[in-house]
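Just below is one structure, and these are the notes that go with it.
For reference, chains read A, B, C and D in written order, and residue numbers begin at 1 within each chain.
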Amino acid sequence: MNWFLKGVRKGVRTEKTPSDVAPWSTELQFKGSKKESGVTSESLRCPTSAIGPGWIAERCVYCRRCYPHYQPTGNHRMGVVKRVEKRFHRSFYLYPIDVGTCGACNTELRLIASPQHDMTRFGIFFTNTPRHADALIVMGVMTEGMKEAFRRAYDAMPEPKLVIALGACAISGGIFQTEKIEADVVIPGCPPSPYTILDALIRAKGGRGW
Amino acid sequence: MIDQMVEALIQVLGTILVAPLYSGIAEKLKGVVSLRRAQSVLQPYYDLFKLLKKETVVPSSASELFVYGPYFTFGVYVLISFVIPVVYPRPVFLTPTVDFLGGALLFSLVSFVKVLSAMDSKSNYVALGVSRAASFGFLAEATLITVFFAVAISTGTNNPYVESAYASNPSHYLALDHLLATVSFFMLWLFETGKLPVESQGLSEMGMIDDSLTYEHSGKPLALLKWGGYIKAYLLGSVWLNVFLLPWGGQVGVLGAFFDIGLMFAKWMILIAIVLVAETSLAKLRLFKIQDHLAIAFVLSVFSLLFSVI
Amino acid sequence: MKTRLIGEMGGYLLYSDHLEEIKTTKNTSNTSQEGFGRPVGSLIFQYGPATGGLIESVGMNIETFGEYIRTISVEPYKMRRISISRSIEDLLLGVERVNGNFAASHVTAFLTALENAYGVTPPRDVILGRVAQIELERIRNHLLVTQRLTEHAGFSVPSAHLLYLVEEVNRVIGRAFGHRYFYGVNTLRGFRMDWQLDLPMLKNIVDEFQEVYRGILDNRVFIDRLQGNGLVSIDDSIGPAARAAGLMYDARLDGDLAEVYGEIGFNISRADSSDAFGRLLVRGQEVSESLRLIGKLNIRAQEYEEGWLDAWEKDIKGFTGGGLGRVESPSGDLAYYVGIHKGTISKVLLLPPSKVNLRLFCSSMTGNVFTDLPFNWESFGIWMSEVGVEFV
Amino acid sequence: MVALIVALLILGLSPVAALIDRRSGYIACSAGSAVFVYYGMANYSNELSLFYVAAGLVWLFSSVYSLYYDHHQWLGPLYSSSILGMAIALTTNNLLVFLAGYEIMTIPAYVAIGLYKKTGYSAFVFMGFGELSTILILAGFLYSYVVTGSLSFSPLTTITPFMIAAFGFMVKMGMLPFMVTEWLPIAHGNAPSNVSTILSASMTLVAVYGLTKMALLTPRPDFFGFILLGVGGFSVFFGAFYAYVSDHAKVLLGFSTVENNGAILTSIGVYLTAPTHTLASFALITTAVYVLAHSLAKTGLFLDTGMMENESLILPRIIKNRLSDVGCVLLASSMSGLLPTVGGVATWALLESLFMEAYTLHSALSIIPIVTGSIIAMGEGFATSTMLKFIIFAHIFNKRSSNEKTRPLILLLLGLLILAGGSATYIFYRPFLASNPALGLPFGLIASEFSSQPFGAISPLYVLILPSLIGALVLAVFGKPRIRRSEVWNSGAPMNEAYTSFAYSNNIRLMLGKLLLTHIGRDGVKVVDVFWSLTHTVAKLFVSFSRHFSRTYMNSRLSWYVIYMILALIVFTVVVVA
């Protein structure tokens, strides 16, 4: 009983709009002066050569070596949705699979369930079997040991299904420089903040984003 | 005859179509109490609707039992909704098909087929959950039977409708045997519908009991299993409300039948409130403590049987 | 302070005060008591690598004859390689990503090892900054562990509330250091801090946590799931597991930062039951202790002059040697050994706390039932990412 | 009457035929059984006729099955003479003839068991209890002779003969406290499958028949019935309970027989104690229906074990295919007392009658049927889990398909019979049929009554049709699923080892450790059956007692049995002539 009352007293802690996002998990932009505009990955010693012409979100691991030439803009909507699946608009079940993470992506992903973010209000849920899943969220660098499990998980899911690559490691191999994973939705960041994740997920199921 | 058919139609459709809503409301409220805006109350419908459109993945060595078992179990649930007073207070078309005990046997028929259908996948995770369900089955099935008989013996008939009417009399309602049976049935309901403190729909495979029965299913069969689950919760819950806790207020006649759907909604809000408190204040019992929970329920029901004759 | 064995790293055994080579190689497989042959009707139940119940990928081979766990062996499926042939800065990025949730601890241990090798000491502010990061990490980790425990118990309200607090801690960290996991915060030249640490906010978080924490300790059913679950043999344990058993094992007393901790007056938190419950008690106390320590540190955001690095930048080429660095991560002793040959890093040895905790977990599982497994697992705060990593 | 003579003649010839040629023996047996079934149906007078039908069907199916099963030269004659014995016992009205038949039925079983397993032990146990049963029955019969002065079954004025004989029959049925020696499981576990079938399905049936026949002759109501209630109830629980924790297919089924016989005994108890005649006759019909349900289902399941290369459920090697899968699922569902099968109707009726009795008594005495009913309810719970275990681990988990058709077909037939049989029970419940046209049931209701007023009602036929109908409707509405095959999801790893039947029931070993004295050691989980540990010593004494006999017996078993059989036959003929 007392927990029921406690819960009621605490009230709803879900936030109406995104707020308070950590700067170094958002989009970077060239802030230097004209004459510095020639900076390259080499000149800035970018470990993942994320500075090509402009800034390449998929590669960035936010080591800040390019600071102050490049600075965070605070825009967290960096996810790239290559395929929208409208059928999941109101019911979207995720099966996360960790193929070689440092653990940060895992916790950030779990945090979209936190009262502040509350994925469930958007009809997004986690599930513990690929059979019930609509999307496979793959995190980390593709390690030998997990290749098999990843293939099985994908095969176990019923159509229609999405593959979502979460974090620099999964997208571009990050600092480990390993193979990249083909995905329908790409969520950059190292790790991506819950806002970025939530925004991409919502857009993947045909929403306007977050 | 025609009237009964219409009333039956209202009762059955009122069961099939409305059942998911109550789960939706319960989940929503549970979410709100745990600091969240939480999903829409219509979420169960959204899920079912999506699953019905999805492909069905069948384990390589599974047979038709795996695919079509859920269709059959759904059919049995629908049949049960003809039989017991879950909306309309008077017998409707096909009600006499089985009596209260027959209903209990139909419930175990469902779980029998459900288990076989799930085990047909040959998944160890299903087996893990099934072995747990099986080991608690002896107490659960016994309680279901004895609880039904508790009312049967006090009324001298095994006809749930008569029992409902009987219990609506305050002197009978407040009798010790009735109260004991009421408590016992509620405890059983918590077990049968996988509510705390027995089970909780979490992500951990290690704690699965009921969830394991749907672990391997997908697409339409999964939708039917989930839907069946909502219906089961509704059937047992409504029996509890109409025969045990609140056996009052049912209106007769075709128009009355529509009113009854609204009445059931009101009654269910009370049940949901009770469950909400339980679900948000309790933690999950250790596995082997579950049998204590059931044993208490069983003993209560046996006592209520004894009190009803002595 | 008596010497204690911490664990094995590379070919060496690490003790609280020295490192010694292993003479006889004994197998340290993560298996609990070896079974006397397989009993009739038993099976190896494969749990993992891809589970919904655990945060990370991990495979468990559980020998059981139904519900009852006889032996259990854990295999890390994700084995990551971090190349040491790259520049120290790049290597530092790798070390950060050995375990995202303990990034500060890892980086600190690594840098300390490096600094010990070169015999340089960073400015006090830098050390204090690192301590602050580690303690923040500890708070977040202990909150997360508690949250996981309540989640497995289907304890919805506290679970949600704790998840809320974890997110809040992350935001506090993010605001102060610019990154929620201290990535890109620590460099060879100090650490970056964009903003003051929001201490009042942190205090509120910890107060709310204490409220929740007391609440769940009142719940008989929840406690029942932890008590007697996962009893460990105390002698060879570390971190919260050791302190739960009442031992004075803590790198904050005998590790590289012991001095600083001593000055700011660190009190060790202990309990008297070596089961999951004891471990929860220790974590509960440590959250408040960490907050107290952070309050005393009053670290400031500021620019650090690079002078203190000249020492090693002078003879960086041609330098040969090695150094050991050990700190108390949220889950126990964390140690790095860095070997340098002719100015380039030739060898990196890592002793992650999770490796030791994993062994403790396995040995404590025999006799448990399946449903208690997640509780025991979470109570150790094991992160597979740091177990399955090798420096090549 | 002609049919009966024909049947007995053919059955009488079959052993001889079997001696010459195995197959012809079984064919004769089948033919005889068929005629016997016909006889039972043709002159269906009262519930006892139902026993004929049930027994006949058991023999028919197992004999036909044996044509494709038995490979032991010596088995045929024993098997068929045992059946002959049963036929005699069932059809005679003379006490001595009954006994002679009873012996002729039992002795060959000793031989079969003795020969099948090289250990004399199970044969001894079986024989010991078999003879104990005979002696008690004999005593009961003698007393009845003293009372009535006639050697034929005739109405009694006192319960005593019934009481004595009842214990004799209960031994045969393996009831508590005799079930505790596990003779029935041991014996049945160690016989060839077709013999197990007639042992478990129809020999116990003969015992039940004798019990019922005696009950019909004794004045009722009588308090002795309450003892039967109690014994029956506990037998149901412990039978199901031990069945659930057994992993040997036949032992499991043996215990399940204990459970079913317990239920049957209970309903006889209800018949004896029922305060109203309506209830009594309801209970009597229930007894017969239960017998039918048990005999058919148990036959099928035991025949199923005949297709196992190894009788342990932990690693069953079963030759099976779709037909036997379907058949056995149906049989198992009946065994677990699920509607709309015969077993379902029987279970429903038994529980109804128990609680009706509690209601009608409406006194402190009601406690007995209530407690019994509750215990049986628990037993039914175990029974369901047990049957699931059998089906899952004999048919679903370990798939090894084969293209054998005949034997699976037999199982399928049995399965369908037991399914349709549920609706056929209307015939037996003739006095209790009801209808409710207004609510769409113009016919097909079985209403349980304790007096004029109905208590409850079911309609197996509707339960048979409606769910499938609605299911089909659901299929029509939602359509067939789009199916794609994929390997089972085992959290990303290949499945190397499948869950075992031992593990399936291990929770109970851990949960009810006090009842099972569960001990977990380095080499696995051990459980001690409490009753067994109590009476183990007794059994051992019995063995040592018959050891000296065993020496000679071991050397030349057959001769001894043959002599014994000839003696019994002489007695039989003498009686018939006299």
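Observations, loosely collected:
Note that in this section a contact is a pair of C-beta atoms (placed from the backbone, for glycine too) under 8 Å apart; a residue touches a chain by one contact, two chains touch by 3 or more.
Fair warning: this is a prediction, and the values are worked out from it, not measured in the lab.
Considering every other chain in turn, the ones in contact with both chain A and chain C prove to be B, D. By number of C-beta pairs in contact, chains B-D lead all other pairings. Once CA atoms are averaged chain by chain and compared with the all-protein CA average, the nearest chain turns out to be B.
In this assembly, D is the chain whose CA centroid lies farthest from the centroid of chain C.
Distance between chain C and chain D, defined via averaged C-alpha coordinates, is recorded as 63 Å.
One finds 46 Å separating the Cα centroids of chain B and chain C. Chain A and chain B, compared by their mean Cα positions, are separated by 40 Å.
Remark: chain B and chain D have CA centroids separated by 34 Å (rounded to whole angstrom). Residue positions of chain A touching 2 or more other chains, listed in rising order: 2-4, 7, 10, 13, 97, 115, 126-129, 131, 146, 149-150, 152-153, 156, 158-159. Residue positions of chain D with contacts to 2 or more other chains are 484, 486-487, 489-493, 495, 498-499, 503-507, 510. Across the assembly, chain C contributes 43, 45-47, 49-53, 57, 66-67, 155-157, 160-161, 164, 219, 369 as residues in contact with two or more other chains. Viewed as a network of touching protein chains, the structure reduces to a complete graph with every chain in contact with every other. Only residues 2-4, 6-7, 10, 13, 20-25, 45, 47, 61-65, 72, 95, 97-108, 110-111, 113-117, 126-129, 140-141, 143-146, 149-150, 152-153, 174-176, 190-191, 193-194 of chain A touch chain C when the two sit together in their complex. By the touch criterion stated above, chain C contacts chain A in their complex at residues 49-53, 55-57, 76-82, 89-90, 93-94, 96-101, 103, 144, 155-158, 160-161, 163-164, 166-168, 170-171, 173-175, 178-181, 183-184, 192, 194, 215, 218-219, 383-385, 388.
On the chain B side of its complex with chain C, the touching residues are 30, 33-36, 124, 128, 131-132, 196-197, 199-200, 202-207, 279-289. On the side of chain D, the complex with chain A involves touching residues 484, 486-487, 489, 491-493. Of all residues in chain B, those touching chain A in their complex are 31-40, 43, 46-47, 49-50, 53-57, 203-205, 214-219, 222, 276-277, 280-281.
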